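Got some structures for you, see below.
The following pair of complexes shares a single chain, chain A, combined with chain B in the former and chain C in the latter.
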Partner chain A sequence: MNRDRRGPSFYILAGLFAAFVLFLYGPIATIVILSFQGPRGGLTFPMNGFSFHWFHALFQAQMVGNFGDAITRSLILAVMVMAANVVISVAAGMAFRRRFTGSTVLFYLVIASLIVPSILVSLGIGLFFSQVGLDPAWYSSAFGAQLTWTMPFGLLIMFAVFNRFNKSWEEAARDLGASPWRSFREVVLPIILPGVIGIALFGFSLSYDEYPRTMMTAGDSNTLPLEIFAMTANVTTPVIYALGTLTTAFSAVVIMVAMTTMSIIRRRRLAKL
Partner chain B sequence: MSTTVDTAAARPAAGATRTRAEGRPLGAWLLALPLALVLGVFLVIPIIMLIVVSFLDYNSVQILWSFVLSNYQEALGSAVTWETFAVTIKYAAITWAITLFLGFWLSYFLAFEVRGTTWQMGLFLVCSIPFLTSNIIRTISWIPALGRNGIVNSVLLHFHIIHQPLTFLLYSQFAIILAFVHLNTLFMVTPIFNSMMRIDRTLIEAARDNGAGFWQTIWNVVLPLSKTGIGIGTIFVITLVMGDFVSVSIMGGGQSASVGIMIQNEMSQLQYPAAAANAVILLAIVLIMVFLILRVVDIRKEL
Partner chain C sequence: MHPALDVELISVTKRYGSTAAVENISLRIPRGTYCCLLGPSGCGKTSTLRMIAGHETISEGDIIINGVNVSDLPPVKRGTAMMFQSYALFPHLNCIDNVAFGLKMRGVGKAERRARAGELLSMVQMEKYAERLPAQLSGGQQQRVALARALITRPKVLLLDEPLSALDPFLRGAMREELKRLQRELGISFIHVTHSQEEALALADLVVVMDHGVIVQSGAPREVFDTPATAFIARFMGGHNVITNGHGAFAVRADRCRIAPPTANEGLPGSICSIEYLGAVVKVGIATEAGGQIVALLPDDQFFAAPLMMGAPARLVWAPQDAHPVAA
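Coming up: the complex of A and B.
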């Protein structure tokens, strides 16, 4: 087949890809539109006027309970998970560059953390805390539960980063007498920085939206996803779409900030070379 | 995402000469300690706890520390349990088949039909960005499309394709599978795409030069070399679907069952040992499935 001519397979698969993207993004687009329903509009089309009524309703406390507190909690927790995820994953990523006692076991534990169904992690941590007499709380048990989900992704990113990492830079720094910490800070970290931002993005986003592992571990105070899930059972107005629109827009902004930062770093690096 | 892991984890062993930059064994151990601690406290101990509690007695108020087998006897003796596990495995099987089909062809498109790394990575990002947004919101967002007065019914009625609104679209097994495919196809695309990007392009050209057609190339070259990615994607999709209760409870409208919902119901009634017993059975089934997948696809071959 001529390399420069696109075959029929290209057009068929491009069609499949386009349909998949529509399938992926279409539903979220519909709830964004429907969140601007008029005050008497319902959960489905047609639009009954256009208003900010449901966004307004969102900020009246009695409508959905205490979801302002839940947002604050979720944001603090997401920042905590993000920071811990970066530190733990980068440190472990550095460690996994060589074999050490127990490295194989630890590696399989990381994989297990990813594939053990979330509901089991949630239930197990809940039981563990209650049996040793600790109260589960969003900043302790839920924090740990979410890390079991974010750390494997963080470590996978580190493995990918170190796969393409040229060790001679670091060795040069050490040969010139730099301490391990200094060679990490001034040589390794700047090189792996885009990956580190990726780990931070995963930590923040996965924590901010986490539901199954937080369910049994958050204690008495709900995080935002827990509030949203409770709303799905009893809210029958577009107010839930307004909340969905806001939180998805927030996630989108976080993703864009992270990706823009990564591409700025890469571009600067190219400019320097 | 996972194939790169295996190679990286294995590499230290391959390079026998230790460089100073990699540090001493004690250093590596200290660096891995936080990871080991968090996994120990929040994964290993909780799973052990789960297994222990599944053998404990309970009354309506609390867990009693006496060893019993009744939780397993009740779970395995009940027809409802068997039906629930059967329907959950059915969801996993159907979702697996659909996500595998989509994952394979979308990855093939990205890896072999799209030209230029920028386009490949850009389109891959388009597929993967929704993973970083809320699963609950993404599931809810199907309601306006599938409801009785939803978009699909309205369009079909408008064009006189149907005369009554279709009721199986929402709060049904159809809706549950749709949500699973929507949420989990990414987990198939990522590892298969990763595997395909490592396939030496000259192999494809060699196949073509030797007269292999499109399907022969796919069947004899691309598919065998993507097996690792397919295996990893399969493990992801099956474990995610087997343990789910969010999608089933939203899309099933409260009538549909799954193992996750059964466990959640037992937890809300404070029957923790019963929930733990079902959780251990679920874990055993998932581990057996993963083991079988590893028998068919040798993921460690990439090591």
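Coming up: the complex of A and C.
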């Protein structure tokens, strides 16, 4: 007799998990499948043949919208947010290891922007720019608006990282003659690097698909999520699915590259044996 | 400034807010001394070590190392090196790069610093593990690497923060001998923080007992063990009975006590309340009529020649010259 037989709870939980996975990936799978719709196919099932027609159409001139420019803007913005997020979060994480006057207040101020509804942050920043007579643009006001979203995450990741960081590593570095900068460069940074890569990924992906905080702050030129949303109202062909498939694939590639990089770093350290 | 001293503390105080962790301590450590700072946790020994290292600022007073007032100098300019309690080896560097780190910071070229690091790893018998990461080493091996890393900058004084407390008892004994051997061979001063009196007695030329932020006694190990200055020290060093009579308190070593029959007209009366066989000695506890407990350590042959019974009345006796008055 098999004493390790699975009880009913296993099947209930497995069913629940399967439902969750379906809920999570079902819509993505639907869009990916529909993007290979035949040239005569519509926005819904059934599939009317199989083709790459809509991917091809994506790179032709569109009736409405301009993907190419929107993707370029979104990518540049995501890289800007990623870089700023890493620099600010790491510096802030280092600073918050000590209590300083106002540290608690500052911390809650930063975290508060996670609680304030995104659309209000967006609206506020948009209004502020017009008040002071500046034109909102994706590289200025939207950049700032997105940082209010990515920075708290970055800071919280740094807290978790430094929670497991042994302060005597730094003291040992200083003891052995490292300047503050070299102690950071040669000891702190390599040790916290996996966390820093995580912050970069967070910054990039949160920015790349951010809609509400960009809505009121992007000015005249749309980022990709704004462009897609604008198109859902007007575009009536599966070309929008093709776009969804491509951007999803792109995000997956970015994450895989990051994971591979991390595992290569890890393996190279072990390979020094 | 005294030329024959490695380290001198002059009225050093460390305050955190309004509480003093170390209060007005002065200490002279002659050249090439193995000095142990001994005391219970929170006595200020680690703060003292960290002030000598330069990892903690000094609130008041001065620290002189090798004739130079280093009170305001950064750690690297003090000629000290510290071995941290958890060893603090850099997890991302292999052993040889960990050991070479100090030379790298001093701008020594790669080939030269790796050669020197290799020499130091051999000194601590770790040359075979040069390419390993700290996570792949046992506690004892990590400690050897940490020792090599601290010594590569040729410090005049090596500071060790509870270096043996993370090791298992067998390893601790072996490392203890090795620390002493290294100190003798290098001829530099070691300042070693510990809460183990056994460690201090085994290693130190100079034992410094601390309590509540002050030095309560310092001297040669035998001096501290044989003639503890206070009841606290006698109890902390262990192996002592602290007895109070009409004239005040005195300490007498438990191994200098004997058990006499209740009819004897000397010593302290009571009844036997515990008997522990410890191998070479038998520890006999006596509950005194005053309500305290005192202990005699009897050689095993002596005990088994005339075994004692639990609950039997007895007297604890000692030779008058073995009783040392102590401050309460």
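Simple rule for what comes next: the second predicted complex is superposed on the first by the 254 of 273 C-alpha atoms of A that agree within 3 Å, B and C clash if a C-alpha of one lies under 4 Å from a C-alpha of the other, contacts with A are read in each partner's own complex, and residues count from 1 in each chain.
Going forward, a residue touches a chain if its C-beta (ideal position, glycine included) is under 8 Å from a C-beta of that chain, and two chains touch if they have at least 3 such contacts.
Predicted, not measured: the structure shown is a model, and the values here were computed from it.
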With both structures lined up on chain A, is it a clash or a fit for chain B and chain C? fit
Name the contact category of A:190: first (chain B only), second (chain C only), both, or neither. second
Of the two partner chains, chain B (first) and chain C (second), which one does A:137 touch, if any: first, second, both, or neither? neither
Under the stated touch criterion, which partner chain does A:174 make contact with: chain B (first), chain C (second), both, or neither? both
Touch check for A:116: first (chain B), second (chain C), both, or neither? first
Between chain B and chain C, whom does A:76 touch in the aligned arrangement: first, second, both, or neither? neither
Once the shared chain is lined up, is A:17 touching chain B (first), chain C (second), both, or neither of them? first
Should A:182 be classified as contacting the first partner (chain B), the second (chain C), both, or neither? second
At the CA centre of chain A, how far apart in angle are the CA centres of chain B and chain C, to the nearest 10 degrees? 90
Between chain B and chain C, more extensive residue contact with chain A: B
Once the two complexes are aligned on their shared chain, state how close chain B comes to chain C by Cα atoms, in whole Å. 5
Would you tell me the residues on chain A in contact with chain B in one complex that are also in contact with chain C in the other? 171, 173-175
In the complex, chain B touches chain A at residues 1-2, 4-5, 7-9, 11-13, 18-23, 25, 27-32, 34-36, 38-39, 41-47, 49-50, 53, 63, 102, 105-106, 108-110, 113, 123, 125-127, 129-130, 132-138, 140-145, 147, 149-151, 154, 182, 185, 208, 214, 235-236, 239-240, 242-246, 250, 260, 263-264, 267, 272, 275-276, 279, 282-283, 286, 290
Contacting residues of chain A [partner chain B, same complex]: 1, 6-7, 9-10, 13-14, 16-17, 20-21, 23-28, 30-31, 34, 42-45, 87-89, 91-92, 94-103, 106-107, 109-121, 123-128, 131, 141, 144-145, 147-148, 151, 153, 155-156, 159-160, 162-163, 167, 170-171, 173-175, 180, 183, 201-202, 205-206, 209, 211-212, 215-216, 225, 228-229, 232, 240-241, 244, 247-248, 251-252, 254-255, 259
Residue ranges of chain A in contact with chain C within the complex: 166, 168-169, 171-179, 182, 186-187, 190-191, 269-270, 272-273
List the residues on chain C that touch chain A in their complex, please. 53-55, 74-76, 80-82, 84-86, 88-92, 94, 101-102, 104-106, 131-133, 136, 149-150, 153
